Amino acid sequence: MSEPSEGGMKSGRLEAFTDGVVAIIITIMVLELKVPSDGTLAALSQSLPILLAYVLSFVNVGLYWNVHHHLMQATGRIDGKVLWANLFLLFWLSLAPFVIRWLDESHFAPMATAAYGVVMGLAAVGYQLTERAIIACNGQDSALARAIGSDMKGKVSLALYLIAVPAAFFARPVAFALYVAVLLLWLAPDRRIERALRD
Amino acid sequence: MSEPSEGGMKSGRLEAFTDGVVAIIITIMVLELKVPSDGTLAALSQSLPILLAYVLSFVNVGLYWNVHHHLMQATGRIDGKVLWANLFLLFWLSLAPFVIRWLDESHFAPMATAAYGVVMGLAAVGYQLTERAIIACNGQDSALARAIGSDMKGKVSLALYLIAVPAAFFARPVAFALYVAVLLLWLAPDRRIERALRD
Amino acid sequence: MSEPSEGGMKSGRLEAFTDGVVAIIITIMVLELKVPSDGTLAALSQSLPILLAYVLSFVNVGLYWNVHHHLMQATGRIDGKVLWANLFLLFWLSLAPFVIRWLDESHFAPMATAAYGVVMGLAAVGYQLTERAIIACNGQDSALARAIGSDMKGKVSLALYLIAVPAAFFARPVAFALYVAVLLLWLAPDRRIERALRD
Amino acid sequence: MSEPSEGGMKSGRLEAFTDGVVAIIITIMVLELKVPSDGTLAALSQSLPILLAYVLSFVNVGLYWNVHHHLMQATGRIDGKVLWANLFLLFWLSLAPFVIRWLDESHFAPMATAAYGVVMGLAAVGYQLTERAIIACNGQDSALARAIGSDMKGKVSLALYLIAVPAAFFARPVAFALYVAVLLLWLAPDRRIERALRD
């Protein structure tokens, strides 16, 4: 379990499995969307908020796939801890379709709005656990460890989710604005890893 | 991020992820189909229009997989822009099951008929964005850039969708005829890329 | 498009896509099953016929994956015709969850019983089209062409489906017995291909 | 069919297919969850038992993927018997979403609680059949055969399921405690295989 070649093979299958789960999550969310009640423009506009929530989640999950891609590309070896940290991340992402449906059926109730933040926040924790497990497996001096550094973006994201969840009960627009803010923070590709790899 | 070898690895994972999403879209559309209300031939014939819409969408999504296959086979390297353009394409394809269900439940209402064209038209835009991003990444002088050329088929498809969407409100058969016409336009394999690769 | 190396790469992606679609079909069929109405043994026994139909379909689709696996392992090259023949096969397999649901909701109506045979019979046609397209691409003298030979099993399967479909309207047990007979015919691995490969 | 290189290729596709099915199972379970009836904390707490059952199943299926991963990494060759044993395992895993839904709709009726044990117990049988088929294919003296040894964990798991299923009718908490106990037994990575590989 300690040979680099073996670790490499495992990393390949971990990526394939993660790709599979993320591909399914991103696709089945659409099954949760209720179609407009009839064929009028008014009915379509009533569906607009949930369609926007779908876009938000699609970009969010797509983003995790994207950063996961960058992370794995920089990884030499993985171990059992990485597998479980990754599964923890996938668990929370898998709840995204559930939260989307809840938002839709409860007409964006505060509880459901907060649940979106809890689920996405714990997915962010899962991503950081995966990152830490990979560093622990590859060594503190590895290129990856130096590339990730203090991971300021990850810490800021968690802080924003921590503010957004209680805000959902008092000021829902603030919560959604914070959810969008986290996305914008991550939409730029992770220059730290790219830069360190290039050097 | 600028080494060809790295780009190759990313291209492989992008293909696998796209295959996953497309495989799911093409398969879950069948979950949207309502079964005939009873076991008579009359009930089955009432289900015929939505079954034909399913065939239309299955071929449409299968076609995207097919041309994506040809495109990726000709690609040396990809970058972050390609990833996001590809995700934009997948987003619109992912709405295909949603539109199928809307067509079914609204009994082919004009608004739903138009939505089919909007979704497929924006998927076509996504495909062209992906094509452009790959050319930008591989260079205007690459074999791929020469192979794609002015992409007349892509431009004609967009024009047909632009006509079909308003036509859905005045003459639905015209809209569906145009949707079928776009399919027929693409059903031939993309000889341009094949020819350029062979030379 | 005519280089063996290119064909090999395409074959890999075709396998991956087919695996994805079949994996989804085989899994989402379970979404169509209605759970027993309550927690009694009587309720469970009412669910027994549809559970058996699920087993039948699971084995049927699993069988296609298995023979597809053997077929692809013997394939050197593929082309656009193989892609489309394979997509035709996947289309009919994708209707398996739809037919399962129809069988369930119509309480095994004759029409639904016949539809099972039509869908599985056309999947069998799709498999043979794929086989023929691969032979056309690899040459009549290839190891694969000799291995498949006259494909007696394939022809017998089609004949059995042709008998079973009308039988569904007069003698449903006969239809289901024939569906099971086709399965038993195929459950043995395809010795012809294995033998020819070994020589 | 007897060359190691061929067997290796088959192993790769078996892994990919298994990954696909497991990824789908683990993800569609979430489609079975009913959202809280409204946005209050009371409604959420009513959903708690089924959310815990989802966690249990997610970890259970994730565990199978994890041990499957370890098993395949130690495998040189596979044959038709391995394919079918693996399909038997996947069949029982595929019923996990069905059982989850039944637990939810029947409010954890004894029959549904027992069904969870039957499904997971037969999945455990399927895993052991796969293990045996791989040993039969690779030889009793292979590194894998020595690594698995008498498979005490597998036998203990089956014994626990055999106790849990009847317990479901008399003492449901005991049944669930035993289901959790099996999980805890397996949560540690399979040191036997890891150790034998390292020597």
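Letters A, B, C and D mark the chains as written, and numbering starts fresh at 1 in each.
Definition applied: a contact is a pair of C-beta atoms (placed from the backbone, for glycine too) under 8 Å apart; a residue touches a chain by one contact, two chains touch by 3 or more.
Computed from a predicted structure; not experimentally measured.
Peer 1: Any idea if subunit B and subunit C meet via the same residues, over half in common, or different ones?
Peer 2: Copies use mostly different positions to touch.
Peer 1: Greatest Cα-centroid separation from subunit D: which chain?
Peer 2: The chain lying farthest from subunit D is B.
Peer 1: Suppose each chain is reduced to the average of its Cα coordinates; what separation in Å results between subunit A and subunit C?
Peer 2: Here subunit A and subunit C have centroids separated by 37 Å.
Peer 1: Using Cα averages as centroids, what's the distance between subunit A and subunit D in whole Å?
Peer 2: Here subunit A and subunit D have centroids separated by 26 Å.
Peer 1: Pull out every residue in subunit B that's touching 2 or more other chains.
Peer 2: 16, 20, 23-24, 28, 31
Peer 1: Would you tell me which residues of subunit B are touching subunit C in their complex?
Peer 2: Touching subunit C from subunit B are residues 15-16, 19-20, 22-24, 26-28, 30-31, 33, 35-36, 38-41, 43-44, 55, 58, 62, 65-66, 69, 73, 189, 194, 197-198.
Peer 1: For a test of understanding, state which residues of subunit D touch subunit C in their complex under the given definition.
Peer 2: 1-2, 6, 9-10, 13, 16-17, 20-21, 23-25, 28, 31, 80, 83-84, 87, 90-91, 94-95, 97-98, 101-102, 105-106, 109-112, 115
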